[in-house]
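When the chains are written out, they are named A, B, C, D and E in that same order, and each has its own residue count from 1.
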Amino acid sequence: MPILELAVKFGTYAAMGAILIFALGVVTLRNLFHCALCLAAVMIGIAILYVVLQAEFLAAVQILLYVGAVVTLVIFAIMLTEHLAGKTVRQTNSQSLAAILGLLGFVAVIAALIVKTPWPVTPTAMEAKVSVMGLGKALMGLYVFPFEVISIVLIAALIGTVVIAKKDAPEERL
Amino acid sequence: MIRGIEFYLDMIFVTAKGWILGLLGRFLPDWMIVLASIVMSSVAILALGPVIMMYLTLLERKLIGRIQNRYGPNRVGKWGLLQPIADGIKMFTKEDIVPANADKIVHLLAPIVIVVPALMVFLVVPFGERMTAVDLNIGLLFFIAISSITILPIFMGSWASRNKYSLLGGMRTAAQLISYEIPMTLAVVPAIMMSQSLSTNTIVLSQTGDYGLRWFIFTPWGIAGFVVFFLCATAECNRPPFDLPEAESELVAGFHTEYSGMKFALFYMAEYMNAFTLCGIAATLYLGGWQGPFLPSWLWFFGKTFLLICVMIWFRGTLPRFRVDQLMGFAWKFLLPLALINILVTALWQFTSHFTAWLGSLLILAVSFWGLVQLNRTFVPEKRRYPLES
Amino acid sequence: MIALPLSHMLIFSLLLFAIGLYGALVRRNIIGILISIELMLNATNINLIAFSKYTSLAPETGQIFAIFVIALAATAAAVGLAIVLALYRTRKTIYSDEVHLLKW
Amino acid sequence: MKETFNFKNAGNAETLEINFGPQHPSTHGVFRMVVQLNGEKICGLKPVFGYLHRNHEQIAENLPYAAMMPYTDRLDYVNALANNFGYALAIEKLAGLEVPERAEYIRVMMAELARVVNHITVIGFMLNDLGAFFTPLLYAFRERERILDLFEEITGSRLMCNYLRPGGVKRDLTDAHLAAIRAIVTKFPAFLKEFEALLTKNEILCMRCQNIGILPVDAATNAGITGPVLRASGVNYDIRKVDAYSIYNRFDFKIPLGQKGDAYDRYYVRVLEIRESLKILEQALAKIPQGDIVNKKAFPLLKMPRNFKPPVGEAYARIESPKGELGYYLVSDGTPQPWRYHVRAPSLINLTLLEEMCLGQKIADAIIILGSIDIVLGETDR
Amino acid sequence: MTFGMGVLKGMIVTFKNFAASYLCKRDEGGIFTVQYPEEREKAIENFRNFPFLVYDGTPEKLRCVACGICERECPPKCIYIVMEMDNARKPARKPAVFDVDYGLCMNCGICEEVCPFDSIFMDHDFEVTTLDSRTDLVRHKEALSRSNEYFQKIRPLFASAIDQKRKAAEEKKKTPPQNTGGQALQPPAAQGLP
């Protein structure tokens, strides 16, 4: 069904464009809350890309973790610190011109490299399917050590976050 | 012969769709058929969502009325059946009020965005045999992921309203939804473990047989998992006793204080559709989904789901509301450990023989329940004596 | 099935990365910097998935690394925001260039 | 005009000031609390009242004594009969009127019925503040309705009873009325049992109410708090016992006392007080004598209120209204109108410790603490 | 008692009420509401709402003599009376104007109590809604006048007691008129019910 494939292709390009626009919004908008909302949009768009790349599990995880957790955390932090993010305060530092120039150079170099490199795209690799079962088996088999390390990191981060964010309580009865 | 009638009744929607698609196939190219199939499924879902929501409000008002010894709506149409339509007309014609200092765009977007996930989760709900709109192999994960988006529009609405009540409501919502998502996800795990699949359809199919006795709820871990899941589901769709985000007596209406007219109706709609899908998923996971003898599968599914919704309404008619710290404590100190222990019990169940499995899992669950109650003495009422003096 | 060439994916993720980097360099607000970093991490994730999809014969690997990256990103966000809150509470600022004392 | 409330940490970035009321679903009328919040925790609370001020005392100073009776209904509109009772006692003290025996019994019965009505209403509304979606309230109202129907039959009105008269009561009770009261007294315990099954042991209610809004004894006595709120803190002070006004010394009843003085105690003390009121009603029904219902000497006062001139002097009469000590102070200068009329409104005085009770609690607690104090704005603001 | 039983007990109570709403009658725990315009509660005789004036026979024969006692004693001052003058500029002992402002009246019933001529009583009619409360709620003499039969209908016991009292007074008037004062001072309400 070539038409459907074409639709998927253009849909993907459209999603990419939308993601880039929202990403620009994330870094340029003045209102941080809007930035966070744009970030959520970017995350959802990337989840769509994952679906196109046939990584459905990852897409669900992306939405669950980024939209459900990270963005919410960010919004929490924004709301708690809202008093300072007033409209009159300058939101960017003075490096923006230098950053733009440097990044343009960076993008140009890497893009040239990407275009020139002959990527070993193989039909067998394209055909391979990833099942959730396979992912689970890989996580519990080959990659069990990194998996455990990650879980320890997560616990450490959890405890660390609580310790850092906790108020120095006693003086604060009222 | 009788079996035949049953079968056709069961398949009535599937057959209808197939017949229409076959008809279209005669003069349309293949890709149009695929498109038509998608369109038909989504139109069905788009129509189903609002209709369910409308009649859920009526059901809720009627049931709560009866609980409170009154009639509930009974003026518009027979038994008040047209009441939701009257409400809808009222909602449409109401003035749309936007606070002067509100962030207008976000204020407008929030109610629109909240309906999207509420409708999207309908995709993986198995309404009947072969009646899942998209039989994803990660169906449950999809469901959990999509319903986690719901936090975002609530935040948007509460922040954009520029109202302190809304802000507090939004904060409460975020804390509550994130907290209850964790025990809910963990309560889903036993069902996944037993059916070895994330697909909702497979989970239903793995509960086949024995006239419903193979439903997961008829096992110790099933009951525990169901209770935890159902309580979390009640909290996830902000229904009493977990309705803190919109606590009427404290925060007026929480995050939708500043919404009126159709925008408010959209919030309301999302809430009821979420209640429906969460109950549907609870039925799918532990009550055997559309499985059941004699009746068509979709009837079984809707029956079970509405039964669960009635229990939610019953909660609303009976229970006072939690306080915010108690709500958090209940999720983190009670439901979460219980769900974790339940996963352990499920694993044990799988690896032990029949009798010991029953005994062992019941024992573990009872002991852990008792232990958790002992650890959370603040949840247990104090015993008091009241002296009478003259 | 996938109609896109790999290089398009890669260039897209490069652009996303560059945008994120721009934000991280230019923003004053620490929360802004954090969310820009999230963008960059996502760009790398896209790369991982794309490579695993187009070239690898063990397709789980890329996805599993992406999962690890997501987990680390979540921890980074949590710890980073906790630091922001602590900073806000003690120094009443959330702007990076105002925090130059290296102690508090 | 900018209002200032002198909060401790005013202007702090981490605190938030919120107005609860005057338009808010659970401030029991047009009461307003300015609350300073830190997160969900209350770190400052100022009650603001006066939105329902209706010049009650000034009106009294321009009206004849008997004509003020209907206005006292409007003080605490949930239990008009208790208000009538206090005012009637004050006029009787001032004019030196005796009250016939039968009228005394009728007064006590009506006042106790009003107490039952008030307490179940309060409990119902408090549960509503807790977030129970109207169910306990409507169950309470169902029973209240039976009593209100009786009030309507006897007094002519459901809420604004205007029933007591200086020197007696307005209308005699027939045997049918007594039978109706008896029916209520016999049926009520069953309802209370149902009500308690719904509420008393409910874990969520206990979690929400126990150890919330604790009122220490010394603070309560210092602030002059009275009624169930004081008794929930464990102080045995009931004017029915202390003063034994009217004929309360003839009845055998007990005063329920709480232990901790938290919202739960306030709830439960009210339930127990309903039981005691029912006991009083039973005894009164058994003992009520035949006879006059109005002192003959009071006829001129009733038929020609404007011609009634009490001797120069002053009188203070107090009763145990369901909300606390309700006192009426009258100063006569020999004219048909009182020279000064003052109401000691329990609602207002019980409110004074609201801030102390709420500090350090959550917002949701402030609402139930307010509910458990039992205010009626008609009385608070007068 | 184990944790959770209190909640379950409460839920059983509500379920019982739910079932009772279908199975039981009104007084036995069934549905308590009354469907107002179609169904009504039984009228309660002593119910008092707004005052009205009683006439015997025809509307001209009002019992009211425009003495103005109710006007004077009315606490919110919602009654306004003007005595009718006959041609000789003498008081005709009947009202030319008798207005009651229903918007002001607080249904206390004091007018009924103080009236020595058994003329003003409290009505049962509570459906008096109007669009303009400033003008339409001020009821004039014509709108206020109701026949004695109407009075008999809404408050049978009280009205017949009043009628008996009036008849007795009438007969006493025919016999040497003396000692009516004590009778008149008796508050009507105190005598109203057996």
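Operating definition for what follows: a contact is a pair of C-beta atoms (placed from the backbone, for glycine too) under 8 Å apart; a residue touches a chain by one contact, two chains touch by 3 or more.
The shown structure was predicted, so the numbers you read here are calculated from the model rather than taken from an experiment.
**Student:** Could you leave chain A out and let me know how the rest splits into touching groups, if at all?
**Tutor:** Without chain A in the graph, we get B, D, E | C.
**Student:** Tell me which has more C-beta contacts between its two chains, B-E or A-B.
**Tutor:** Result: the pair with more contacts is A-B.
**Student:** Name the chain whose C-alpha centroid is most distant from the C-alpha centroid of chain E.
**Tutor:** Farthest by centroid: C.
**Student:** Between chain D and chain E, what distance separates the C-alpha centroids? Give it in angstrom.
**Tutor:** 28
**Student:** On a C-alpha centroid basis, what's the spacing between chain C and chain E, in Å?
**Tutor:** 79
**Student:** I'd like the Å distance between the centres of chain A and chain E, where a centre is the mean of that chain's Cα atoms.
**Tutor:** 76
**Student:** Counting only residues that touch at least 2 other chains, which ones in chain D make the list?
**Tutor:** Within chain D, residues 13, 135, 139, 142, 198, 201-206 contact more than one other chain.
**Student:** When you check chain A against every other chain, which residues touch at least two of them?
**Tutor:** Only 57, 61, 69, 76, 84 qualify.
**Student:** Find every residue in chain B that makes contact with two or more other chains and list them.
**Tutor:** Those would be 67-70, 167, 317-319, 379-381.
**Student:** Give the list of chain B residues in touch with chain A in this complex.
**Tutor:** Within the complex, chain B touches chain A at residues 29-31, 34, 103, 106, 136-138, 141-142, 144-146, 148-149, 151-152, 155-156, 159, 167, 170-171, 174, 178, 181, 198.
**Student:** Note which residues of chain C are touching chain A in the complex, please.
**Tutor:** Touching chain A: residues 1-4, 6-12, 14-16, 18-23, 25-29, 31-32, 34-36, 38-39, 42, 45-46, 49-50, 53-57, 59-61, 63-64, 66-68, 70-75, 77-79, 81-86, 88-89, 92-97 of chain C.
**Student:** Mind listing the chain D positions that touch chain B in their complex?
**Tutor:** Interface residues on chain D, with respect to chain B: 16, 18, 24-26, 37, 40, 127-135, 138-139, 142, 198, 201-208, 210-211, 236, 241, 252-260, 264-265, 268-269, 272, 276, 362-365, 367.
**Student:** Can you check the complex and tell me which residues of chain D touch chain E?
**Tutor:** For chain D paired with chain E, touching residues are 63-64, 66-71, 135, 139, 142, 145, 149, 152-157, 160, 162, 170-172, 174, 194, 197-206, 293-294, 299-300, 302-306.
**Student:** Provide the residue numbers of chain E that touch chain D in the complex, in ascending order.
**Tutor:** 1, 3-7, 9-10, 12-14, 17, 32, 41, 44-48, 69, 72-73, 75, 106-110, 113-114, 116, 122, 185-187, 189-190, 192-194
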